[in-house]
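The structure is given below, and queries will be raised subsequently.
Letters A, B, C and D mark the chains as written, and numbering starts fresh at 1 in each.
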Amino acid sequence: MARFIIRSIISTIVTMFLVSAALFFLIEVGSGDITVKILGVFSTPEQRASYRAQLGLDASAWQRYVDWLFGNDWRAERKVGYPLVTAVNPQTGEADWWADVDGELTRWQLDEGILMTLIRHEDGSATSHLSSGAWKTNTAGSEYFWGVDTKNNAVMWVRGEGAEVWALTKAGLRKEGDGPKQYIPLRKGLLRGDPGISLQYGRPVAVTLIARIRNTLVLAGVAFAIIMPLALFVGILAGINEGKPLDRIISITSLGFTATPEFVTGIFLILIFGIWLKVLPAVAIFTSADAIFQDPKLLALPVLTLTAVELGYVARMTRASMVEVMDSAYIRTAIIKGMPKSRVVFRHAIRNALMAPITIIMLHVNWLIGGLVVVEVIFGYPGLGYYIYKSAIFGDFNAVEAAAMVTVAIAIITRLLGDLAYTLLNPRIRYS
Amino acid sequence: MTELKKTPPVLKLEDVAVAYKVRGGEIEAVQHVSFEINRGETLGIVGESGCGKSTLAWAVLNFLGNNGYVKRGSIKFQGQELVGVTGENLRRLRGDQIAMVYQDPMQALNPSMRLGDQMSEVLTVHRGMKKTEAEQRCMEMLDRVYMPDAANVMKRYPHQISGGQQQRVVIAMALLNDPALLIMDEPTTALDVTVEAAVLDLIADLRREFDTAIMYITHNLGVVARVSTRVAVMYAGELVERATVEEIYKNPRHPYTQGLIRCVPKLGADKARSVLYPIRGRVPPPNNRPVGCVFSPRCAFIQERCRDQRPQLRQLPDGSWVRCHFAEKIDPSSWTPYDEIKTPENLQRDLAGEPILEVKDLKKYYEVRGSSLKDVIGLGEKRYVKAVENASFQLTRGTTLGVVGESGCGKSTLIKTIIGLEDTTSGEAHFLGFDITNSIKDRDRSLIQELQMVFQNPDSTMNPSYTVGQQISRPMQHFKTVPKDQIRAEVIKLLDAMRLGANYYNRLPRQLSGGEKQRVGIARALASHPDLVLCDEPVSALDVSVQAAILNLLLEIQQEYNTTLVFIAHDLSVVRFFSDQVAVMYLGQVMEIGPAEDIYAPPYHPYSEALLSAVPIPDPTVKQKYIRLEGSVPSAINPPDGCRFHTRCPRRNLLPDGGKICETEIPPWREISAEHRIFCHLPIEILRDFAPVVTQSTEEI
Amino acid sequence: MLVKDYMTRHPIMVTPETPASKAQRLMIENQIRHLPVVGSGKRLQGLITRERLRVPPTDLGSLNIWEISRLLSDLQAKDVMIKRIDLVTIAPDISLEHAAHIMIQNKVGCLPVVEDEIVVGIISEVDMLAELFELLGGNVAGVRVTIRVPDQIGEFAKITSAIAAKNWGIYASGGVPAPKMPGFWDVVVKVREVPRDDLVAVLKSISGHKVIDVRECTD
Amino acid sequence: MAVKTILQPISQPSRLQKMWQSTSIIFESRVATVGMAMVLFWVILAFLSLFWTPYDPNASDFLQNQGPSVQNWLGTDHLGRDILSRLMQGTQVILLKTRLPGDGGISIPGGVAIWGVIGSLSLGAILGLNAGYRGGWWDQVIMQVLDALIAFPQIVLYLVVIAALGQGDLVVILAITITGAPGVARLARSLAMDIKTRDYIRAAETRGESVWYIMFWEILPNARGPLLVDGMLRVGYAIFAIGTLGFLGIGLPPPDPDWGNMVNEARRNIFSNQLAVIWPALAISTLVIGLNLFADGLREEMTRYQK
């Protein structure tokens, strides 16, 4: 058994890496120029190039993958020469990057060609000083300086060559002088819980994502809690009555539900409950991310839609497995031993019949997530799926990558759990 | 004593017919079957596959599925009608008064329940016994079926014990409630011969002790002879003959029974001195049985009356029952072989001729992975399954080497290594002077062509997607042995040689019977005119009547093409009949090798002796010495040191201090003659002193 | 010679719900006189004998023909059986003579053999008689001699050694106190394949012994 | 001689008879027959739409959001287009044609769903056969990659692929291929692992046949049945997916009407015109259910046939 579990875990880790790489390169390589979307179609190539540099997109794809996954502060640290740390900005509640210069959290700023040092105080405010003797000379003779700027980038200024950059502000693009030659947008990397900044909203992805994940987990959890017992029950019921009318009814109904896309089911449910019967709101308006906790009734239709689609699938799997088991030689033995039907089903059949569906159900969790995306879009539910959809449409790759990795992680971890459950149910693996 | 008290039969079938509903009608799988079984009696039911013998067992248990039912007749159990009993009444009978043991114990046991739970529920459900008490009983019963370490076995899962032990558990489970009737459907077919022998002994013991009526279903004439008191022979859904076991073998009345007995080689018979006579034709399908006697199309004694009048089962003056119009008139000794059976002649081979295959110290180890953390990441100590250890032999052109041994003895690995499906770990192997220790990928095409193989399972030997012609012509195209435009003619020539005929060219495998598929398999192997053909149990999956035909065919081919054969089988009689030279293998090691007739008579290796003692012989008058091996075959990962057989050897104590030497030292090869060698510590003199295992009882019964 | 060796294993049994008419038919068809009634798991609940199936005429006197037939068809095994509490049973490990004693004492012709209340067999007078038959070698040919011997230690040995000295084999033997002759035992021996007169001569030569009956039986 | 008389030649069925035999299995199962009828209905409509639709599907010729009438059998949508014409035209791009990118407006025969499934069947079969037959490292590596693909929630994979490559028929085909291939590969692998234990594979190996010959000429023909049934089911999934993508607004691009997109657009007017939502929704579910029933019945019948 140890062997099986270790293999599963190793395979899971390898899978996660493969997936992260595939995801990253697919999006990075495939997607067009993201700056067009952010800056608008009327932006000039020069503006876009400048902005690309600020986003760090001018680095090689490999470099960015490593940055994305493991962060780049350790890389920037070597250039800056000081440890880089984060400190929470009390105004925004988000973390800012600072260099730890001998115990003082420090940033730099180039003002009219003069390098200024910003020292952070305990309360979060900073005071500005003139920086002296910081410039270094490179082999070509020009003076340069690596430091942390006020926009959480590690940057390189060159003395006397303040570049002209286009900065994105609330009011639009603004041309600024004194710009750095090189940017490293500081990040901790996905593995350390920092998936970067959302390009669409300009805020850290991690902050918005957590509320979304929570909402989705509520929706999926409620649906899962309804689907599983119900589907297993119905499937087993159909399985032990193979070929009888009850089985036919259950099979055909569940086939019908499974084969109907979520959006069709969802629309029909809205029509029935929202428009014709008027018992539930046809269009649920989620005023805030916490709306579901204030009005749980909003969950009803999304959950019902998910249930309709998933129930059929799981029930069919269970039925097939049950039919196969009921046909096996050892069930025949149990019947010939004179065991009552109930004992044959509960003691002999169910355990074996559940082995196959449990792995398949766990594999199916990513299908459930797919359903979630559609359901959340139909009902405007503020969850992970809706977030992925919005981000994907916008091309917000930081957000898509992070959210997709979360879904993948959920899928893979449930599959691992499925493997473990299978191991526990199946003594042939447990004792080998 | 038992004859004194007349007791009613436990099971009585009268004119039973069982039918299955299928699309567009129904099929009567079993017709006109009548018999009774008394207490303490074993009725052996023999017949070839598809004759309806298993259906009969299911009919007794009223377990015919959704589409089967007893169409006519009555099945009385303990005087009470079983047909039509359903629900709770039926459930109470099953497992309590009627129990069953099946062919494949691994399938019959629930893989995810502990054996103890599976056994004890029989008692807790039927008798309302308390769990602890029931488990106590189960343990006693396991002891009774000679299961070592019963308490431990109760806690295990089916896959953790061996096949023979599983069958003991199933038998113990069946006997827990002291049933009046025990139905056994091929209970030993999946077991090795030495294990089978032990289980058969057990069944005989238990029948005496429990006074149970046993309905024993099997296809094996040898097994029937060993366990039964009376025998019923079934053919095409009908019971054709019923008599005591002695009578059936000594004086078979029905032409089919006579035919069956002529099909199987007697242990000790060889191809030079005896001939196997297959039954011509094939069993008619249930929906197309002849109007008259079901056996008439295949009967040598057919008369006009047989064609249109169906005979009844009737009793002859000597007490046996037979379904034949002319049972009294048929004299088996007047039977003459059909024209088409050529009796191969001049089959004595010279083993000293030109060697075609030379194998020396051949080893094949497989690496196995452990399950510890170290093993998973590849740092664990490497362990090996020692599948073949130091095999050495020579094979003369045109002769046959038979390899016998129980499952896991390495005989299949040996031929896989020779043919190149596996590469060799070490040792030498030369075929026609070429080195063949490499794998087939590295061999020259012309060498591959000379080494071909015939496989065991007729159902998987042919690719279901291609016609017979396509499959036989493929080797000719591949090896380019035949010009393209002549391939068809060549294939048809081969088909004729296989006695199949040109009209088989376009048939698909699913239109062929098992024997025909096997013939095509042989034709395909011969298509490239190989010098050496390796046969991996080519007849073990076939019915006996077909088996004889295939063996004859192989003999004929060998004679015609002067092909050399390596013939693997687990049936000792077949190997003896078929081979010139025999190698006995145990746990990867060749234990004895020599001319066929020498292997089957002393001096022999203690393992060969045990095998001979275990093999079921289709003749109740033959006496076998009683030798049973203890324990089970050790793992090939850690084979015993010294002699690999020492853990089970019944002859060890003939050596001083109980054979200590066997545990530590690898035995020497004892040269009995130039060709005959025995791998044993026992000196030749002692080996020579062994009494023969098989003796013909001279006393008339 | 224990009960378990002589009892009938796997007797035909019925459930308490079996109609009495069916039970009767079973007994007639299979020529048996006792039918144990068992619940689930062969647990003994009662016993039906042929006598129990006869309805006492006094019960019938007041009924008309229709009522009788209905009464009979409604009757179940449990209505006619001897109840478990009234039954005498025996365990399989008891000696045969002990069983005989129980049967004589209780004046019953049959004892269900039970182990933990579960029926494992049934033993009846016929089984007892069968044992007697076997004991005295009833089924083989030979010379059967009855000898009256004094009730002393060593007298039986004289007979056996005399026969053994001639290299003959005793097939069966038995002894009982001579009827109405205190101080004497009647010993029966059966010897196979021996000339009658030779045997009698040998036995007569033993002093104090008296051959009181000689007969030769064939198969 | 006696043998010859018993071996009466079995008459060879003609090609037509063989075809009838293999199709007649469909009618053995009521489920499959019903499924086939549902699928055939749409296929016939699709072919019909090539030559005739009641009106131009993209012309706003009528009043908006009208119910069914003699003029417009199924009513009109929010732009005043005839729903029936749009439904009929919508079948084409799923089942009958794939529009190549470029200005020429060139289409190739075979719908997006069909090509997507063909793609996933071919890719999956190649990967699965290699993994299953060769085993060892091949198996490890291929299965690891496939596991990674399977780990993606399918819809997320669609979103990502489309976000990366933009909309278009070929992109949808690619997305269906990528999402479908792992499933096919798993099936092909398990079939190959089963079939490779058969003796006829041993026979081919002892003939020294190449690995590719064994995989494609010895194994594949015997794995054909289950793979085709799976393909049939996958056409259903593909239509399902195309509908979902259309609904999300990232499916097949205009001008051809797309059922999912029709549902999405009509949804906005759901209070005033419910029928405009119901028709395309029904269309998708009947076609998908039909395909599912067909495949299911066929599979059941095939396993019974094998028994």
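The rule is short, and it goes like this: a residue touches a chain if its C-beta (ideal position, glycine included) is under 8 Å from a C-beta of that chain, and two chains touch if they have at least 3 such contacts.
Note that the coordinates shown come from a computational prediction; the quantities given were computed from them, not determined experimentally.
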Chain pair with more C-beta contacts, A-D versus B-C: A-D
Farthest-lying chain, centroid of Cα atoms versus that of chain A: C
Chain A and chain C, separation of their C-alpha mean positions in angstrom: 87
Separation of mean Cα positions, chain C and chain B [Å, integer]: 46
Distance from chain D to chain A - Cα centre to Cα centre, in angstrom: 30
Whole-Å gap separating chain C and chain D, where each centre is the average of the chain's CA atoms: 81
Residue numbers of chain B (touch at least two other chains): 92, 96, 126
Sites on chain D at which at least two other chains make contact: none
Residues within chain C bordering two or more other chains: none
Chain-chain contacts as defined at top: A-B, A-D, B-C, B-D
Chain A-touching residues of chain B, taken from the complex the two chains share: 61, 63, 66, 91-96, 99-100, 102, 104, 107-113, 121-122, 125-126, 157, 159-160, 170, 173, 369-373, 375-376
Chain D - residues contacting chain A, complex: 31, 144-145, 147-156, 159-166, 236, 240, 243-244, 247-250, 260, 263-264, 267, 270-271, 274, 277-278, 281, 284-285, 288-289, 291-293, 296
Residue ranges of chain B touching chain C (in the complex, touch as defined): 1, 4-8, 10, 39-40, 78-80, 89, 92, 96-97, 126-129, 177-180, 210-213
Residues of chain A that touch chain D when the two form their complex: 11, 14-16, 18-19, 22-23, 26-27, 29-32, 252, 255-256, 258-264, 267-268, 270-271, 275, 282, 363, 366-367, 369-371, 373-374, 377, 385, 388-389, 392-393, 395, 400, 404, 407-408, 411-412, 415
Interfacial residue positions of chain C with respect to chain B in the complex: 8-10, 12-15, 22, 26, 29-32, 40-43, 118, 120, 126-127, 130, 133-134, 139
